[in-house]
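Think of it as A, B, C and D in the order they're written, each chain with its own count starting at 1.
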Amino acid sequence: MYKFKNDYNRVCHKNILNRLNLEYENNYVGYGNDIICESAKDKIKKLLQKDVDIHFLVGGTQTNKIIISSILKPYEGVISVKSGHIATHETGAIESSGHKVLELKGIDGKIDVLKLDEYLKEYHIQTNKEHIVKPGMVYLSNPTELGTIYKKEELNKIHKVCKKYRIPLFLDGARLAYLFDARENDIDFKDLNDLVDIYYIGGTKCGAMFGEAVVFNNKKYSVNFRHNIKQGGGLLAKGFILGLQFDELFSNNLYFKLGEHANKMSNYFEQELKKLKVKMYVDRYSNQIFPVFDINLVEKLSEFCDFEKWCFLDDNKVCIRFVISWATNKEDIDDFLKQLKSIICK
Amino acid sequence: MYKFKNDYNRVCHKNILNRLNLEYENNYVGYGNDIICESAKDKIKKLLQKDVDIHFLVGGTQTNKIIISSILKPYEGVISVKSGHIATHETGAIESSGHKVLELKGIDGKIDVLKLDEYLKEYHIQTNKEHIVKPGMVYLSNPTELGTIYKKEELNKIHKVCKKYRIPLFLDGARLAYLFDARENDIDFKDLNDLVDIYYIGGTKCGAMFGEAVVFNNKKYSVNFRHNIKQGGGLLAKGFILGLQFDELFSNNLYFKLGEHANKMSNYFEQELKKLKVKMYVDRYSNQIFPVFDINLVEKLSEFCDFEKWCFLDDNKVCIRFVISWATNKEDIDDFLKQLKSIICK
Amino acid sequence: MYKFKNDYNRVCHKNILNRLNLEYENNYVGYGNDIICESAKDKIKKLLQKDVDIHFLVGGTQTNKIIISSILKPYEGVISVKSGHIATHETGAIESSGHKVLELKGIDGKIDVLKLDEYLKEYHIQTNKEHIVKPGMVYLSNPTELGTIYKKEELNKIHKVCKKYRIPLFLDGARLAYLFDARENDIDFKDLNDLVDIYYIGGTKCGAMFGEAVVFNNKKYSVNFRHNIKQGGGLLAKGFILGLQFDELFSNNLYFKLGEHANKMSNYFEQELKKLKVKMYVDRYSNQIFPVFDINLVEKLSEFCDFEKWCFLDDNKVCIRFVISWATNKEDIDDFLKQLKSIICK
Amino acid sequence: MYKFKNDYNRVCHKNILNRLNLEYENNYVGYGNDIICESAKDKIKKLLQKDVDIHFLVGGTQTNKIIISSILKPYEGVISVKSGHIATHETGAIESSGHKVLELKGIDGKIDVLKLDEYLKEYHIQTNKEHIVKPGMVYLSNPTELGTIYKKEELNKIHKVCKKYRIPLFLDGARLAYLFDARENDIDFKDLNDLVDIYYIGGTKCGAMFGEAVVFNNKKYSVNFRHNIKQGGGLLAKGFILGLQFDELFSNNLYFKLGEHANKMSNYFEQELKKLKVKMYVDRYSNQIFPVFDINLVEKLSEFCDFEKWCFLDDNKVCIRFVISWATNKEDIDDFLKQLKSIICK
């Protein structure tokens, strides 16, 4: 029933489950100081070919909140598009840590680099800066909330603006697995070494039970970061369970294969929908599809399928969201399409 | 190596692992709105024979911080003994949410009800209350950080004082499984309905991979509590993994059996140590033992066993902590004792 | 030089200065528990003909921050227009207390009641409310940042919407003195009893050295408010100096006379500017005028007069702000106009 | 009636009042960017013979909160004696900004340098630092809450310990005027250049209407400090009123003369009390006297004099506090003594 509702509706990938079974008899030291966490970090660093600083946290909101509040000074805020996760769906977690989310109008869920530059420029020509929140960081997600993606050149430009104003660029990679094989993507995992200052490799939505791997490209941003994690309630006692998940995800390219599978499936799904003349709210790039249906049809679909109603449009049209994941079967898509066709053709 | 270091050194109880394997193919709705969470809550409510309000969170610090900050008004603080977890080992998590921990001197890790009454009385006779932090809640853990326990009459008295000053009593049950079969314990699970206002049933240290089940005996304290969980970074996307752990722990009395096992093992361990004339720092009640050794002996022990050095005493003596858990084997204890004897008798 | 820059460029009205001189030899109890504060409160209550709860604070940002953070629950935010003082010019003071400012697009600095109703309605039909900041209060200022005013019917409608969604309406009256004699105003001081739930009577910008008098129409919002003031760093040791200022402002209708004078002067100033064909950015209602000039002219004016450059428009035009206050002389206006004419007519 | 209750019971010194009268017709730019503030800062710097960074704030709690929260990292706390103002009488203002006050047992209101060193040493040998609040600053006041004083050598030693652990030393000088002529004091105003890292020169309790002048000996601690002041609600719109008060206090050595007067008066008061065989709770050093009386006598005294009851002792004895200020007359002391004698001799 919940098959297209989101990408966190299944326990986890079977490799992780197998590893859990395998580790059952062993005992490990707590709080992520264990050898499995070391192994997982080593695998990621090897892939990146860089000695980055890595920390494992539990979930996305927690990760965003702890990173942002650990880096910003009390009078600084974080820039995000209005549709950014931290601006809309985290119950004011960033503000509860004392910082304003400075909202910019985006384009298809993405930061407009010209608007960003203009915003920062305007701040810096102010004469009464002490009355205004200082922009202290730029936040973006890739893929975005709308499944769109930033290309290498776009991120490069944004990063250049950040450097110009000496603020870090932070990439929320909750769905990072779905980036690398996304339509039109030209970013390679290793490119993240230079494109941003801090990012995280999403686990929860990409095959793990839970977990996000935070990567600091620049260690000046992670001084005493474990203090911040603990204070923020994010230091898992059994840290080795976080470690083993990433250890599996980064063995045999599993992480990338999971993304590849989802993008292939969502591409197929989208193509089939288009054959049925279904309109799309935004172009599909990664594992999310935003088709537009009549409200009556949506009600019928919801009888046998669970999905998000994304937004209401004019003329009784509704944009809904289908999320395809590492775990989605072609059979489930075909089954859904069959039922959809039978309704449409009635 | 980490066998006596703590009670969170193993993945989880095998029933939970089996359940994970069993649920592998299924998909569930997110954020704890699933039927497994419902089932787990129903089992707990049935045992308590009360329609309490239950929420599943990930870890102890997170749970303490979210509960306390959701209930206190901005100018209120929480009373705890100096050795309380929130006062010592949470990196100021409570303060980071804006509230002072009002520290009372305890006795063997426990609140002295007379001191508590006196403290609250003194506050209430102040004439300039607006200059002082208002005590807004009492926090205690049972078993305590030192493995000691509160008996029914003690909790009753403390609760009576709380009621007199109209503040809630919150019990941190991170090690609750180890209470019910602790030496001298006279508290039954159902007694918690009346003894405190809010408490949590610890999972992380009692057989789960992670998770704490918060129970509100009085629903006035849990209005919109899910908002607080989300804002605090504690709302797990795959909430059904929290649910299935408690669903297993509360099937066939597993939770209580795990505690029973640990207490039996720790009793045996303590008795054997006493036969070797080992002195104890505090009396043992539950799954923690605090033996005192010469510093030289401690160094030798640490070569083949990992444990916490609790505190340094006079005369080159050290108090160390052994934690026995749901997963501890008699063989491991015997093996350790054999090595200990061989060192002592040399 | 700073004569039109703002309404806080002079020490204070001479009646306040005289009172300070008069009180020089006397001694009073601290923290606002003195008889002058009582007298000032009584005068205000008498004018309002209502037994409201009154507290004196030092400045506007402090007052906004302490009121809002004392009323909102941790997961609640405050609604304001984008141009609201709390949204723009308080360095994120509200966010630093943990709460999001929920920004609505305004009209001439004012809340659009239809947009407000729609926003609150949309929130309340959400099914996943725990992921979203709960709107917990509406903030507005009257007169607004743009000198515009809400009429009685407008405030009534907004208040009705607030009541429908059971959230309080808070009016920032930093420039309240300039409301009552503003162009088109139909609100009487006593009307504030019913039009809003909390408001403050601005002193700093209305003739005092400093000080804002917070009025709670509903005492449920001010329980233990003095605790919040103290914690927020707003409880002045010599509270009687706050009291004596409001005692003077509310003797012989001084507060209202000061506003009347400023509005008369600004009306005159505006009329004279219009005779010179100067365009206005927004209509003038109270003590602020927003004329539009060529950038070259602005540079020349700034040689002999200090003012805020409000915003840059197209075609090398700039909107500047003149603030007329309780202390502005007709001579200073005439003198400025003379110099302006001589430049224009060159 | 309130003559010995505290040192903030009178409007202000007459020089300040005269200056207010003098400035009545003038207008100044806002927020402390005016020439009077410049003048006041210059006078202080000239006396210190050092180019320190100076900021004017309104009151003590506000100043403590803004300084401490602007310097500490989120996971850091501030060390203070248990009787420190921030630990007892600020309604948890420091905690409300997110930071724990790390309380050390003091001696007569003063930090014990050995205890401090031991505390910091113990922290730094911890292996699990991420679980503990990091001590990030040392706070003390001079004179202390008990009127006792630190001598130069004592402060030197404390500062040395702070430097060893690389944390700043912050001195709350709310009663600084009363230090320099205190009994046994050997600290000169200029000595503050080296003895501490941050301090403030108290105005509120030392002759001003209100105001504290924060001095940063090391400018690395005051980067963007005005942002913190504004966000904390401490940036006074009419900053020139703060400036003119310090401009007067630091003209003709007024600040030091006021302290000298108060100490002379309190010395006289104490000597006369001792002649009447009155016992003291602590030795008097500056402008506070803590005599011990029978409770019956205290009740009689309170009929014609207002003072703080400091603490209740055994045998129906009470320690009360007399505060002598810049404004205390010998006549008032004599008058009180006469009444006291007539009661005692009855």
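Throughout what follows, a contact is a pair of C-beta atoms (placed from the backbone, for glycine too) under 8 Å apart; a residue touches a chain by one contact, two chains touch by 3 or more.
Keep in mind it's a predicted model, so treat the numbers as computed, not measured.
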Hop count on the shortest chain-contact route linking chain B and chain D comes to 1
Top of the farthest list for chain D, CA-centroid basis, is A
Whole-angstrom distance, CA centroid of chain C to CA centroid of chain D, is 34
Distance in whole angstrom between the CA centres of chain A and chain D is 51
Per the C-alpha centroid definition, the whole-Å distance linking chain A and chain C comes out as 42
Check: chain C positions touching at least 2 other chains come out as 74-75, 90-92, 96, 98, 130-131, 227, 230-231, 235
Note: in the complex, chain A contacts chain C through residues 74-75, 77, 88-92, 95-101, 103, 130-133
Chain C partner, complex, touching residues on chain B are 31, 69-70, 73-75, 98, 128-131, 134, 224, 226-231, 235
Counting only contacts in the complex, chain B reaches chain A at residues 1-3, 5-6, 8-11, 14, 17, 20-21, 23-30, 58-63, 65-66, 90-93, 96, 204-205, 209-210, 227, 230-238, 241, 306, 327
